[in-house]
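A, B, C, D, E and F label the chains in the order they appear, each numbered from 1.
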Amino acid sequence: MDKEQTGVEWISGVIQSLGEMPFGWLSFVLLSGMGIAAFTTARIRAFELSAAAKRPLRAHPNTHAVFALLACLLPIVAALLVLSFVDGPIERRALVAELPARLSELPMVDLDRYLDGLDRASVSGPGQQVDVFDRAATDRLLELRGEVRAFGYLFALLAGAAGIFFALRIQTVDAPVRRYVERGVEIILQASAGLAVLVTLGILASLLVESFRFFSTVSPISFLFGLEWNAQSGRSFGAVPLFFGTLVVAVVAMCLAIPVGLFSAIYLSEYARPSTRRLIKPALEVLAGIPTVVYGFFAIVFMAPLVQWAATAINALPFIPDNFLAAQPSSALAAGLVLGIMTIPYISSLVDDVLTAVPQEYRQAGYALGSTQSELIRNILFPVALPGISAAILLAVSRAVGETMIVVMAAGQRPHITADVTSDMTTVTAQIVSLLTADTAFDSATTLSAFALGAALFATTLFFNQAALSVVRRMDLRHV
Amino acid sequence: MPDDTSTAPGTEPAATVSGRSVKISCRNVNVTYGTKRAIYDVSLDIPDRSVTALIGPSGCGKSSFMRCLNRMNDTIAGARVTGEILMNGIDVNSTGIDPVLLRASVGMVFQKPNPFAKSIFENVAYGPRIHALAEGKDALEAIVQKSLRRSGLWDEVKDRLEAPAASLSGGQQQRLCIARAIAISPEVILMDEPCSSLDPIATARIEELIDELRARYCIVIVTHSMQQAARVSQQTAFFHLGRLIEMSDTGRIFTNPVETQTQDYITGRFG
Amino acid sequence: MSEYRDADQETAWRSDISAGLARRRARENRFRLAGRSAVVFATLMLAALLASLFLLASSAFVRHELTLETRLSALATTDGSSPIADFTAAVRGDITDALPDIGDSLDAARDLSLMVPRLAIVAEAERQAAVLKTRGRAAPVTIPISDDIDLYLKGRSSAEFVREANAFVLTPSFAGAATLRVPPSGAGLLDRARAETEDGVLTSETPSLLFETDQGVWKGTAVSENNLMIEPLLGGLVGAPDTLVVSGRLRLLWTPETERVFSDRQAAMARWLQEDGLIRQGLNLRFFTGTDSTYPELAGILAALVGSLLTMVVTASLAVPIGIMAAVYLEEFARDGRLTRFIELNINNLAAVPSIIFGLLGVAVLLNLADLPRSAPLVGGLVLALLTLPTIIISARAALRTVPMDHRNAALAIGATRVQVVADHVLPLAMPGILTGSIIGLARALGETAPLLLIGMVAFVVEVPSGIRDEATTLPVLIFNWSKGAERAWEPLTAAAVVVLLALLLAINAFAVYLRNRLEQR
Amino acid sequence: MTEHIVSAYTDELEALSADILRMGGLAEAMTGDACEATVKSDDTLATMVVARDADVDALEADIERRIIEIIARRQPLARDLREVLSALKIANELERVGDLAKNIAKRAGVLEGFARRDVLKGIDRMGRAVTAQLSGVLDAFRNRDPARATKFWISDEDVDQLYNSYFREVLTYMIEDPRTIGDCAHILFMAKNLERIGDHATNIAEMIYFSVTGDYLSADDRPKADELPSPMDEGTPL
Amino acid sequence: MPDDTSTAPGTEPAATVSGRSVKISCRNVNVTYGTKRAIYDVSLDIPDRSVTALIGPSGCGKSSFMRCLNRMNDTIAGARVTGEILMNGIDVNSTGIDPVLLRASVGMVFQKPNPFAKSIFENVAYGPRIHALAEGKDALEAIVQKSLRRSGLWDEVKDRLEAPAASLSGGQQQRLCIARAIAISPEVILMDEPCSSLDPIATARIEELIDELRARYCIVIVTHSMQQAARVSQQTAFFHLGRLIEMSDTGRIFTNPVETQTQDYITGRFG
Amino acid sequence: MTEHIVSAYTDELEALSADILRMGGLAEAMTGDACEATVKSDDTLATMVVARDADVDALEADIERRIIEIIARRQPLARDLREVLSALKIANELERVGDLAKNIAKRAGVLEGFARRDVLKGIDRMGRAVTAQLSGVLDAFRNRDPARATKFWISDEDVDQLYNSYFREVLTYMIEDPRTIGDCAHILFMAKNLERIGDHATNIAEMIYFSVTGDYLSADDRPKADELPSPMDEGTPL
């Protein structure tokens, strides 16, 4: 009896500690253990078979081993995936059933919040909790989790074992094991590639569903053509000022980035000596690798004051009205300029790639005919590279339109339409951030409007990307 | 036993080679790429209005040598050319010579057909246009037509001058490149293995064209096909390891060469 | 053409070309100049960016600290009830003792307490307690001083001019005030101050003049040609009836008191303590070991760094293998069909979708639908994984494409299966490129901010996260948060965080380059 | 036959062919003239024939040199190769024809004092037959006509017959009048030379046949060889 | 006038060709790429232990045809092969034939030397390894050595088997590829213009090697150099526009071909 | 000379050379045997010589076929080309030598009943000279020795001198005894044939010289032509 008791205690202890252990490590131990088992048994078996048949197997012994490995691991992974999805709800349901009524009859939102708390505590260790009851509840949760996992892992283990068994059954001298392995690997790879489609679908679905909910309260017409935006108060959702702000910032950025990017690419790929190129190109790549938040900070501490100072200086000029320029501490111009600086390396590296991809033969032919270098570039390389360059510019525009951090940090928050680029403006992306980082209920029109803006942004960038892709495809066709 | 038709390295410039006036006279030409020496003290005379073939195994320096003649080595970083290359008596490497001008009088055709990604017409018109050789559209069209006729392409393309050059076959593209080269009325045409990417039929067409062109131009052709050199050239120079081994009339080179190295290479006995 | 070949026409042809040559050469030079200027501009911008950041950041890596010999008893005796309050009082007392008489005005007390924020003392108290517990003896007490004072001492708050002399003639008047006759060496300072005043009256709107001796500090109230009316600020002369000649130091604080965040008294105290060696400059270790705080002097990046690390672990462990597998499928296995083209289209589009859209995806799907915890590295990592996946796929495909078809054909012709072709020949050759691309993609993810804002990683996190489900923030988000800080001290701190981030990225990229060179050598 | 893509190649082959024909014409004329000089005792003509042999020799050397160059430079294949090699051999045959004609002409000078002119009629007859054969073969060469070549290849039998009967005739003269033995010996050699010219013409016909068809004419192709009884058995003049 | 050595399209399989037993027998082979037909009804017999050359102008289908023999067309999207290709009497296109195993018995050498980016040893050892042909390191080394010896490379590389294959010259690389192909002891070796990127000396070496190998293998070589076909092969098949025009002994093809098209192509009279 | 990279090419050229030598040996033996059969009236030997000509012919056809194939397949250049073309011509010359030897052998049969055997000593003498010349030339071919070839090319003068004196001798016999005219005519032709075999040997020597040096032997290279007075003027036996 005592022994039994200790046995039960031991088991429950094991189960409890099972609940405390991180999921990932447990899974890893399970997977690697079973994997090694499957691989080695199948390999040994393959050699035995070959020795028995006195001729080589149709498939390499290693192929047999890999086959068993796949046969074993795939069911385990599937089981673990299922487990990871269902364990939470099962635990919670079980726990709620045991909770006193004062808790279990709470409204769903509060109950969830409470359970979240327990959850968190269960991961970080229950010791820090003050409430004794909560501490007990957390312990119980861990216990339940241990039980669920015990079942889950047992199931996974069995599934893996079944896989190994199946693999060993299949193993014969002439089994087309290699074809199975090939097929299995291909399916796994295909699934990975398919994930990209899922992501797109996810984006589309989330944007569309939420936008749809938004448009059920706000008419799309007033959203697309309304001139006033006051989402925080939930009153007016006319997005034109945001579109305008986005446009202004993007135009400013492109005015800077396109000529500078283009010419620096041309210089680097055609004129610069290799030593110069070795120096400058990484520098530009550094510029490209700097996170946008850094650019945003740069805009705050350097560009915005500079723009403000310059605007004030212009205002101070005689025969210019004193308030001619807004000279705001944050301005669309500052954001646009910094955005432009950010885009320079983007454009220049794309254009550089395109120019370098122009076959050397064109250059030789051009030189051999007595072209000067600039004639060669303008008359021969440029037409060939034009689709690529256009694509680079389109992608840069798309990037400028979708850029968030710089405008959030440096463009300001005021939705208005003005020709004065030194005044602050807000953009679509900046609004999305400010709408979703504000503490508002998720279902409100204010929050949902962010998704509508997101959908608009997505559509715009999609358009530019498609345009870029289609020009590039045309270039490919022409070159082939 | 070198006779009058073969040029031993280092001799004085001759006024004629095999009865043809000398167009290009090279004396002690050396080429280095970085620290690697590609050409050692090559001296030879290239006659006008005939085809001179440069042959030799891979890496023998024949292409490097040819690229000296229109200073295409200038476009390679680290290339250094010394020695005297006189074209019409003027040293092409002297500082007063603008390579642009030089290349306008020395056309070049490359290993792979490399027409520009433009129309057939524009490909031929490009050279005359940048050098402002034609005043007005008619004059330009005349030049294009004449060049295409000379390159034997006119009948094949006259109805589709605006079609992209890439729509032509490989052999036609190469002939287009020749038309492009002769459109700026060069005095010399350099060809760097012009048929190595073509099949025997296209090759034969190009060879026929070269044979026709030699009535007007001084043609230098690099080829690693001895047979092609034999078929197409009047003089042949054999290079080996960066040195000129022998230069002589093609018939002589292929029936009775002076140097053992030449003989061994030609009969397939090398190494 | 053949007309050109005629002898006399030939010269005409040559001169035709030569004539145009000068014009063409000029155009050539203009074109080259445009290119060169573009490159110079781009490099200049990079230099401006880096220079401004590094200049700003340079002051954040050191800071001023108060080092005290505070009684151990204050800690040792108190146990349980409220040791921190005692410790605070003890620290305050020590500071007061070190200073000349500060009087008992409320202003003075406030100035003093603001100079050493309570939170800083609390933190130090905890540290001391911990040290005591483990080592059995107390460590020297070092407490960061207020960020405003720190900035002042670093000379970043106000222009300051100092004249030292030993021929000041002090004539006491009433109530401790006095008239100071300034020797000629200090006259320039007086003139400068006087020019900013109306009638020589120094107010809180004008620059401040402080006079320091070893007895105390006076503050100028009015200034004339070479006389300065002063009143005591710290300490002062005790019952000195006559004019006396003292040596001292005249200090002109250029920024008016109202326009700065510290008072004249605080300035005086800080300088006094600095003179005494109690305030010393030290390495700002807290910046690396501390977590976020509302006080710049206490704020550190550790939590954000760990948050970034955890997020990256999640991102890398998902995006890299899946990305490589997807790339391998598309390049090596997929037949050119409608499905393949559709997948390719998706990937190409995803690569150019603005990152913020992925934030929206995270909000809608991961937070709301899948009910994953907000602000957790898990979600952040997932979002960033989705974000980098297309980039990794594209760069991996590019790397796979650089492997010549020949290698595949050779292996196929020898009877290798597709998997063998990929595993034995294509992947080993493409690996340098794939890894470099992946690492660079991850580096980009490391710098990503916008989507993380949306999924709540913008939260104020004081605890260093210990798991991927904990609340966390990341370095870029921290930079964003700090950049919004109102106090000026945030600026260098933000810059310093930026420098750390850039250094991290540089290190990662350097690693990628190293890796590529290593692998390619093999 | 269509032209080569490289027209210079066609040109070279055609020039070669033309020179072969020229050489053939020369050799044929020399043969005819030598016989005429013999019959008519025309010393000048005989000297001229002797002189012309140098031309034929020069032509042959030139043709041979060019053929070597064509082989080296054009790498002829298939029909071109057969044609070039046939040309080489035909030139060789024609050079020998020239030599033989020269020999006849030289002997014609010796015979100047020979009284029995009627004996020389045989030379005339044989000369006509041989030049006809030669000219027919050259015609076949000009037209690359294997049938015609075959015809003249077969007709060599006639020349042989003529020679055999003439040989006996001359022997008879010699026996009749031993003083003429010296001269008649020359006549015998002349006849033999003519017979050998006929043989060379036959060889040329074989070459033409080979060049055009790629096959060799073999003894089986000579129908008369079976139809006619052999004109002489072992022991008859050869 | 086809004689017994030339195979007219569509005839019944022969047991021998020119006295050699038939290794591969093709009947009515058609290949289409997408909608483009590359090969029309080709029937021919390839004898064992000899070299069979496939010649013809660019795009004549000779490469496409060769790629049927080891089903490399399978790796090209949209390629469809019909007709019967019997190797040792078994149809290579039948569903029971695993292309991987087929390719293990039909080696292939490509136009450009394409050694793996591994060491010389690993290049040769790869095939035997994946097909588990050698048990143990010694057996593997023996195979590698034998293959390298047969390809005439052993003496040149025996001291640096661990050097990367890329450090070899172009010609050596191609011989390494041949060694790699024979390491899995194939019955047939296909060569797709194996010398087109090599200079005459390297070409001669490869040709010499091919000549040696034919004692053991059935070799099929595609070349666009007629001269090479003439030098290296015993049988030659001439393709034009996707059809087999003539197949015969090489000597016959190059001295006295039956078909006018062949004659025209060989003598440079085409088109 | 080093070997070709393609060893089969070297093998082919060497086999060709060996066959030429074999053919030369055959022709030389036939010449010698034919003379012996004549002198010794050995009918069997004569028949054998006649029969062996077919071998020579077959060998020549085979060599010619192989040469065409070598030219077609190997595209020989420079020295190889000269060698191959020389081989072609040498084979041709040797074939003619064979023909001439056969002719001598046939005539030997006719002479069986000829009584004045002493007259035939000249044939013996000439036969020795000619076979020596032939064998020397073949030796030069074997060793690719242009000097040796030149030597035997010059020595043809001796054969010609032998022939001229023998011709006069036989004529004398004929005049002395007109009954022998028929047989002596045959002897004249035999002598002429031997002289022509000598000519062919000379031609072969020329070919060897050309093949090795690439140059032609010209009349100027024959020193004796100037040193000795011409052995016969116009009108003497030819």
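FYI, a contact is a pair of C-beta atoms (placed from the backbone, for glycine too) under 8 Å apart; a residue touches a chain by one contact, two chains touch by 3 or more.
Quick caveat, the model's predicted, so the values are computed rather than measured.
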Shared chain contacts [subunit B and subunit E, defined touch]: A, C, D, F
Gap in Å, rounded to a whole number, between the CA centres of subunit F and subunit C: 106
Approximate Å spacing (C-alpha centroids) for the pair subunit A, subunit E: 50
Averaged-CA centre spacing for the pair subunit D and subunit A, given as whole angstrom: 95
Shared interface positions of subunit B, touching two or more other chains: 100-101, 104, 130-131, 201, 204, 226-227, 230, 254-255, 268, 270-271
Multi-partner residues of subunit F (at least 2 other chains): 4-6, 9, 68, 72, 75, 77-78, 81-82
Residues within subunit A bordering two or more other chains: 178, 370, 372, 375
Interchain pairs in contact, sorted by label: A-B, A-C, A-E, B-C, B-D, B-E, B-F, C-E, D-E, D-F, E-F
Residues of subunit F touching subunit D in the complex: 61, 68, 71-72, 75, 77-78, 81-82, 85, 88-89, 92, 103, 106-107, 109-110, 167, 171, 174-175, 178-179, 181-182, 185-186, 188-189, 192, 216, 234-235, 237-238
Interfacial residue positions of subunit B with respect to subunit C in the complex: 98, 100-101, 104-105, 130-133, 143, 146-147, 182-183, 185, 187, 216
Residue ranges of subunit B in contact with subunit A within the complex: 70, 72, 75, 77, 99-104, 107-108, 110, 112, 114-118, 126-127, 130-131, 164, 166, 177, 180-181, 184, 190
Partner subunit A, residues of subunit C touching it in the complex: 17, 24-25, 27-28, 31-32, 34-39, 41-43, 45-46, 48-49, 52-53, 56, 321-323, 325-326, 328-330, 333-334, 342-343, 345-350, 352-361, 363-365, 368, 373, 386, 389-390, 393, 417-419, 440, 443-444, 446-450, 453-454, 458, 466-467, 469-470, 476-477, 479-480, 483, 491, 494-495, 498, 501-502, 505-506, 509
Subunit E-touching residues of subunit F, taken from the complex the two chains share: 4-9, 68-69, 72-75
